[in-house]
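By written order: A, B, C, D, E and F. Residues from 1 in each chain.
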Amino acid sequence: MGRYEDFTKFRQEMNAKILEEGTLEIKRFFGIDERTYHPGALDAKTKELMGLAASLVLRCDDCVTYHIIEALDKDATKDEIYETFTVALVVGGSIVIPHLRRAVSFLEEMLDLSSKLP
Amino acid sequence: MGRYEDFTKFRQEMNAKILEEGTLEIKRFFGIDERTYHPGALDAKTKELMGLAASLVLRCDDCVTYHIIEALDKDATKDEIYETFTVALVVGGSIVIPHLRRAVSFLEEMLDLSSKLP
Amino acid sequence: MGRYEDFTKFRQEMNAKILEEGTLEIKRFFGIDERTYHPGALDAKTKELMGLAASLVLRCDDCVTYHIIEALDKDATKDEIYETFTVALVVGGSIVIPHLRRAVSFLEEMLDLSSKLP
Amino acid sequence: MGRYEDFTKFRQEMNAKILEEGTLEIKRFFGIDERTYHPGALDAKTKELMGLAASLVLRCDDCVTYHIIEALDKDATKDEIYETFTVALVVGGSIVIPHLRRAVSFLEEMLDLSSKLP
Amino acid sequence: MGRYEDFTKFRQEMNAKILEEGTLEIKRFFGIDERTYHPGALDAKTKELMGLAASLVLRCDDCVTYHIIEALDKDATKDEIYETFTVALVVGGSIVIPHLRRAVSFLEEMLDLSSKLP
Amino acid sequence: MGRYEDFTKFRQEMNAKILEEGTLEIKRFFGIDERTYHPGALDAKTKELMGLAASLVLRCDDCVTYHIIEALDKDATKDEIYETFTVALVVGGSIVIPHLRRAVSFLEEMLDLSSKLP
């Protein structure tokens, strides 16, 4: 489970540093970013999958990792995530494939992990 | 309603030309693209909104126009579309704003139009 | 002066619409965006030129237009703006050139206009 | 033939302005850009088609227009150009499609024009 | 030769996983992607070099690695590859340089390796 | 201090290789790139911060690392760098955040290092 923990640890440490040292605008941006995925007219799962699709077409591996974690936490199914991958691949083209490989690798690791929970 | 008609006319004419003249790979890609937004584990409306978010962060005005048309056709509400705009703006930053202005202008025109239907 | 007025009119109308109809996150984002270019450790002119460079490498014509207007308003000189263009061209490559043409065309129009002011 | 002439006129006028007013680095960059497409280990046609593929995946309409003109001038065939479009569409995804429509529209106009030459 | 083997192993394993678990659209996209580089009006080497240029301007290291392998396999020469790098650098600007460094490092490793073959 | 040294070593080795093996256009481009950040109408520090903002919105980690080193060398303060981060985050959106984390991590390491100098 090293990848999940490594990702989360660095993310939390650096976010804390950014919120401690950053400008007021940076802090407010982080606040908005967090609110954006709260349920509203769209539910939280849909928003996370939307964030996942946007992250994949923009080819941001860390953002993809984060939204996979959050989507699973909001009970997105494997099929829903693969359909999100499909939209992103078709919109973004073959340039998305290396990021899709890493996304699939991470997703399978997470699913494997959760299947072992009591 | 010129904008909707102009967009649709040029889109249809050129798609026909591309499918007539294009390579087998281009034709097959167009087939996949069409299938991608069919309902599956995710419903068609969710997929169109996902395509809208991806189009906005990639700043493709024509793609945004197309997915607004399709999302409205799948009964997406104004609030759902504005929440999709929110995800795209926060993910993509202020560089998205000029495209958001055009998206809002087109959306309002479409909503205005549909409110006048019998 | 049609271009300046057209740009400003559409921008103001649609920003008003977005702030009227938009989600709380969109409104807050617009607030942050405005604050970002206030003078701080860096003066306002430097921030506008920085915004101009970022807009050019991201190839956003409307953003380029906006930051040229703001940079001139903060007394950026023609030479400073051309050096900003240089950084953006070298960072972003020949793909920036069509946007540079439009930027130069708009800049010259603005400079010509201001030289005619009493 | 308005589109070809309009494009070429604005391009030439603004390039002249940029070379007149621009920094030394901008002038040198334009020199390099021109040299890049000269024949070497790869012939000029191949380089123009390569520039066309790169322009399409980066979704720069003016760059696409320019490289279509140059590729035709170096005797690229319609089939070679459509295969270049194929590579760009598959690499860049459906987000390329609106640019492909405009590229096909311009290409057909150019081919139609040249078929009428004596 | 670790880099080549690591890249190829992960690529093959994850592609197999994607083709096993993926949607029909993903599978078809992979089929199109493969066909795109088959010889047609353009020969296979030219298409691989075109894919290399597109990958470099889009700054996708894995795609660059893949197209270098394929281009060498289709007998692209070192000079042809460096001219492809030139087109990509000039189109994409200095932002391409870090990816060019990694591309050159990989290319030299591959050339060094092949020079040692019996 | 491994990160700074690793980055600099690979950068210097590969730049030397590129300048040795590269085409004339590549060599000239490297020359222009170097000249671009020389003081002119804008001072060197401002240009480095501008390059930093452009690198962050284009999400190029190595370019960010390089411009942080250069900006510190031109006596940019921590506050000036954080305001540059702010412009880049607001222009580029949340997709910039993973790159901002790495930028902040590197900046803090560099500041920590320089505070220990005699």
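Note that a contact is a pair of C-beta atoms (placed from the backbone, for glycine too) under 8 Å apart; a residue touches a chain by one contact, two chains touch by 3 or more.
All of these numbers come straight from a predicted model, not from anything done at the bench.
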| item | value |
| --- | --- |
| For chain E, the least number of touch steps when starting out from chain A | 1 |
| Copies chain B and chain C touch via same or different residues, half shared test | different |
| Interface with more contacting C-beta pairs, comparing E-F to D-E | D-E |
| Rounded Å distance, chain A centre to chain C centre (Cα mean) | 32 |
| For chain A paired with chain F, centre-to-centre distance based on mean C-alpha positions, whole Å | 27 |
| Gap in Å, rounded to a whole number, between the CA centres of chain D and chain A | 38 |
| Set of chain E residues in contact with two or more other chains | 23, 25, 29, 32-33, 36, 40, 54-55, 57-58, 63, 82-83, 86, 89-92, 94-95 |
| Chain contact topology (line, ring, star, complete or other) | complete |
| Residues on chain C engaged by chain D in the complex (per definition of touch) | 59, 78, 82-83, 85-86, 89-90, 94-95, 97-98, 100-102, 104-105, 108 |
| For the chain D and chain C complex, residues of the former touching the latter | 10-11, 14-15, 17-18, 21-23, 25-26, 29, 33, 54-55, 58, 60-63 |
| Residue ranges of chain A touching chain C (in the complex, touch as defined) | 23-25, 28-29, 31-32, 35-36, 40 |
| Complex contacts: residues of chain E adjacent to chain D | 32-33, 36-37, 40-42, 46-47, 49-51, 53-55, 57-58, 63, 77, 79-80, 82-84, 86-88, 90-92 |
| Interfacial residue positions of chain B with respect to chain F in the complex | 57, 89-96 |
